[in-house]
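Below is one structure, written out as C-alpha cells; the observations come after it.
Here the chain labels run A, B, C and D in written order, and each chain numbers its own residues starting at 1.
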C-alpha cells in the first residue's frame, strides 16, 4: 500500500477524494490537510460532510494538519483539492519535498513542464515529469488533470480526432452546481432559473482541450491546431455536466463510424486495468432523450462519459452533433487525479 | 372594440391569451372554445387555471363552446391555441367561415400561402393573405407565428442579418418546462436533471428561422440562404427560454456594432405603437451573468428579448457569440399571435 | 430459491421491486405482469426504466404477461405493485390460485382478515393468514404493507408506544414526488412551489397507523386507542418522505429515554437476520439540521428510518417533537413488501 | 411627502423596501445606508439587485451612506433591514436622534417597551411608544414587526382567538429560501432536498405570537396564555412561507364559523384604508390543493395571507386544521414595516 495525503481535504472535492479512496487496493489515506482553522482537529470534527455516503471509519480520527509538507509525513502521493491560489503556493513545496502531487487545481495546469493529463487521452505527456524535475530540481513532481467540463469533452474528442481529424468544435454546457463548491451557487440563483456564465470556464475549456490533444515531442507539448469555442451555463442539477457538442470534421464520416469509434475507444487505463478505469471510457446511449445527468452521471462508477443523440449536422460541411454527460466531481475532479496517480504508480 | 375568440382556451397557451387580452384596448374576448368535455360549462368551471394572475372577471362566466365555427358567433378574430393536429382540421374551417385566424399552432406554418410572421421581422409576408384567400376561396384567413424558441432567436438575428449578413448559426437552447404544457414534463424528469431532447423542436427552429428571414417577391417566400443548426434541451425553469447563439457573419463587425444594431432595432410594431409591442424588441444586458430566465423573462411585459454576453468568437472567421432569453408563452406564443392580430387590425 | 413474480412490473414501484430483488439470496424473479398493452413484450421493451440503476440482465428478456394467475406459472410468491383498483380485482385471484401475495396496494389493507404488517412492528398479525384462508377458502393468501408515509411513522411510534404509551400524535409531512408515480406530479406544480394536499393520504396515515399498533387476540385486530392527525404535503424532493412529528405521551419521559428507546429498537427481522432488514430500524442523527431526505433516505439501504431533532414540546403535557425521513419507494413500498415476504418465507 | 430612509438598503429585505416604496403616495425614499464598503457609492453601483423588478430610477443615483444617524439628514422615518446584531446597536441611535424607526430586525422585538406590532392584530400596542420615549429619553422611537413566519400565522390566529379562544397551536412550516437572504441557502442544500431546521425560528414563532396577541394594559403587555409549538423547515421555494396549522380551540365551532371569521376579519389598516393594507387580510381558497406558495404569495399585492383546507381535526377535542401561505419578504418583512409606518403616520 502506498501512503497518500489529501490537500484541502474538507472541501467538496476533498470529500470526493476521501470517498473514492476508501477501500482503494493500492492507496491508503494517511494524511489530511486543511486551513489553519481546521488544523489539529479530528477530520470528523473539522468537516461538514456533504456527501450522501458516510465518512469512512478509517478517516474519521485522522488529525487534520496544515497544508505544509513538514506536517505531512511518510506520504508518497498527495492529491490536491486546493483552491487555485493556494495550490500555486503549496503544490511546488510538496513536489520539492519529494512528494508526487496529483492535482485537480488549475494553478499549474498550463505550465509548459507540468503534464496536464487524462490517462485515456494523452498519457505520453507524463514524460514531462522528468523535464520538470530536472528543470526545477525537485525530487517529487506535479501532475495535473484538466477542468471538469474539459475532461468530459476531451474524452469524446480523442477518438474522433484520431480517426477523422477535427476542424472546429462548438460546445454549449449545462453544468451542475457542485462544480462551484458547496456554497458556490445560492439557491436564489438557480431555483426556476439558470446562470449563463461561469467565471474563466470558457477559457479553460478552450485552452486545455487543445493542450490535451497536443503533440509531445520529448521536449514540450505543441497544442492541437483546431478551434474550440464554448458557452458555459449553470443549471439546477446537483452533479453531472451536460454538453451539447457541434463538430466540423476534416474527414468524411458516417454516424455509424462515429459510434464505432466511441465504442472501440480504450486507453492505457483500460489496457492496464487500473482500479478506477471505467471499462468503456465513452458509453453510447441510444434512447432519443439520453444521456441525462441524474440518470447517467454514475456510469462506470462516475468515471465514464455517456454520449447520445449522435447525429449529422448539415450546416458544417462535415458536421456532427451529440450530447455528453460526465460526472463533474468524480471523472471531472477527484477521480481524474486518482486515475492519474494510479497510472503513475503503475508505470513509473 | 373587435370581438375575438380563443380556440383551445383552457390549455396553458389559451390561459395566456386570456391573461394578455384582459383590458386590451381594441380586442374583447367574447368566445372561448375547448374540447367536447368542457363545452357547455362556464369558463371558470371548465378550466384548471394555472397562472399566478387570476381569471379576469369578464371571462369567468363565458360559456365554453366546441371548436366549431358555427358555435362562435359575431367574432372577427380567433386566436388559436389548439394542439397541432386539431389546428390542422379546425383552423381552415374558421378561415372559411370568414374569420381571421391568428394561430400559435404549428400545423399551417409552413404552408406556402400562409404567412408565418413576427411583426418586427417580416411584416411584409402578410401580403400572402390575399394570395391565400384567392387560392383557397376563403373570406377569412390564417396567419401564424413561429415556435417559441424560433421567435426569440429570429428577433435577434433580424438586425444582424440586415446589417452584417449571416453565414451560419449554431444554437443550443435551455428551455422552460411550460413550453411542453402543464402536464408535459413530469417533476421526476427535471428535478436534479435536464432532458436533452424536445420532439421536433430542432427541426422547427431550423426551418422556421430561414422562412421568417426569407424574401417575399409578391408571390411566394424564398427562404434565407444560410445554415441554422440547433440542439434543444429542457431545464428546470418554469418560463423563459435561454439560448446560447454562435454566429458566423458574412461581413466584418465589431462587438460595438452588434450592440448598436440591437439597440437601434425597431420594427413596424414599434413604429405603429401597437399595444403589445415592446418599446425595444431586443434589450441588451451588460452584466456578465445576464440575461437569466427568471430575472429577464418579463422584460417589455414579456414581449422583448434580452441579450447579453455579446462577444467575439475566434473559431469562426467572423464569429459572434451571445446569450438570449425570451418568454416562451408570452413573446413565444400567445403574445406573438396577439401582436400579429394587432398589426393586421391596424394595417388591413 | 423461491420463484417470485411481480404484478404491475413496469410502473415505478414495480421497477423498485426488480431493482431490490436483483441478487436476492432467496427469491428469483421469474414472472412479470403488466397491462395488456405490454403483455407479450420483452421486459426491456415494455418498460420505460426510470431508475438510476440499470435493468438487471436476468430480467431484460423475461416476457411480460397479463396480470392473470393463469399466465403466471410455477411461482410461489407474487409482489403486487398494482394500482389499487386493479389490485382489488387481481390479488384475490392470485391468492385463490394458491399464491402468496405480498401487496403494496391499498385495496385490501383494511380488510379485517388481511394482515397489514410492518415486520418490526406487528409480525404477530400474520396469524390472520390462517383465518383468511379458512374464511375465503384460499390456498394462497394476501398480506399487505401500509402506505409509504405510514410505515416510516409507525416504525418510530412502535418503541415509544410500547415504552411510554401514546396519547396523541400530530404529523405534518413533506413528501417526495416519486410517491405519486413517474407522471404524478408535473414539474409546473412543483418548481418554486409545493402542493399542500395528497389525495387520501391523510386518511390512510390516520387509520393504518392505529391498525398496525392494534392488538391481535387470535381472532381479529383491535385498533390502538389514541388519536393521529395528519397534514400531508408534496415538495420538490425526488425520493424520501420527511415528517415533522408531535407526540403527547401518556407516561413521563426524558429525551434521553426516547433516544435509548429508538436505539434499542429491534424487531423480528433483525432477530431473524432477514436479508432486507436494516441493522437498526431507527437511526438517530444528532446534527441540528438532519435528517434530510437526499442525505439520509438510503440509510440501511433505504430500509431504515432516520430520526433527528428529538426534543421536548412544552405545549403538550408530556410532549415530544422530532423529524423523520424514510425512503418512500424502498422502505415505504417495494422494500416493505419484500421484507414481509422474507418474514413469511422464514417463519411459515 | 414624508422623507424616509432605509437602513441596510443593499440586502434582500432592503431591496424589497425600495421596491415597495417606489411610487408610495406618502413616503419618499431620500436616504439609504449600508456597510462601510458600500458607503459613498451610487446605490446602483453598490447593490447586487436580485429582484425581478428594476431599481426605480429615482433611487439609482442616491449616494449610499454609513448606518449612522449623522449621515442621514432630513428624514422622519427610517426602515431597518439591518442584521439583528447591527440593529441592536444602530436602531437606538436613530431613535435617540429623533427618528421614527420601523424595524424588521429581531433585536429589539421583545424589549418590554418596544411595540411589536402587526397593524391588523394589535395596533393598540403602539401606545408603548410614549412609554418607550419617556423611559429612554428619546425624541424618536422604535417600532418592530415580527418574524416572517409569525406574521402570517398570527394574522390567521387573531380572528379565531377573539371569537373562539385558543387552547393550543401546533404549526409545521415549509419556508422559502429567500427568508435566509440571498446567499443563505446553497443550492446544494435544497435541490432534491429540504432542511428541517432554521436557527431560532421556532423560538421566535413561539414567543412572538403570544406577545402579539397579548393584552396591553396601558403600561405593559401580558402575553396571551396558550401554547404554541412549532417545527420549522426550509424547502425549495423562492418566496412564500407555507404553514400547516393545527389548533385546539377553547370554544365550540363549526368549519363555516371559522370561514366566516376569516372572511369578516378586518383590522385598523383596512378601516383607515392605508396604502399598503390588503382589502382582506385573510383570503380563503376553496380548492382542495390550495393555497400554494407560487400561486398565492402575491395575494393582496403580497400583503394578504391565503388560507385553505380548513377542516376539523378529531384528535383534539375542538380541533381545527388549515394551511396558510404568506409572502415572507413582503407581508413578512418589508411590507410589514411599511404598514406599521403608514399606521403611525396616520394616527400619531
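Throughout what follows, a contact is a pair of C-beta atoms (placed from the backbone, for glycine too) under 8 Å apart; a residue touches a chain by one contact, two chains touch by 3 or more.
Just so it is clear, the structure is predicted and the values come from calculations on it, not from any experiment.
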- Message: Using the contact definition given at the top, which chains are in touch with both subunit B and subunit D?
- Response: A, C
- Item | Chain at maximum distance from subunit B, centres defined as averaged CA atoms | C
- Item | Fraction-based call for subunit C against subunit A, same above half, different below | same
- Cα centroid separation between subunit A and subunit D, in whole Å? 47
- Query: Approximately how many whole Å separate the CA-defined centres of subunit C and subunit D?
  - Reply: 42
- Task: Mark out which residues of subunit B touch at least two other chains, giving numbers and ranges.
- Result: 191-192, 236-238, 294-295
- Message: With touch defined as at the start, can you tell me which subunit B residues reach subunit D in the complex?
- Response: 52, 191-192, 294-295, 298
- Show which residues of subunit B lie in contact with subunit A when the two form their complex. 168-170, 172, 174, 192-197, 227-229, 231, 233, 235-238, 242, 244, 246, 288-295, 308-309, 313-316, 319, 321, 323
- Message: Under the definition above, what is the set of subunit B residues touching subunit C in their complex?
- Response: 50, 177-178, 182-192, 236-238
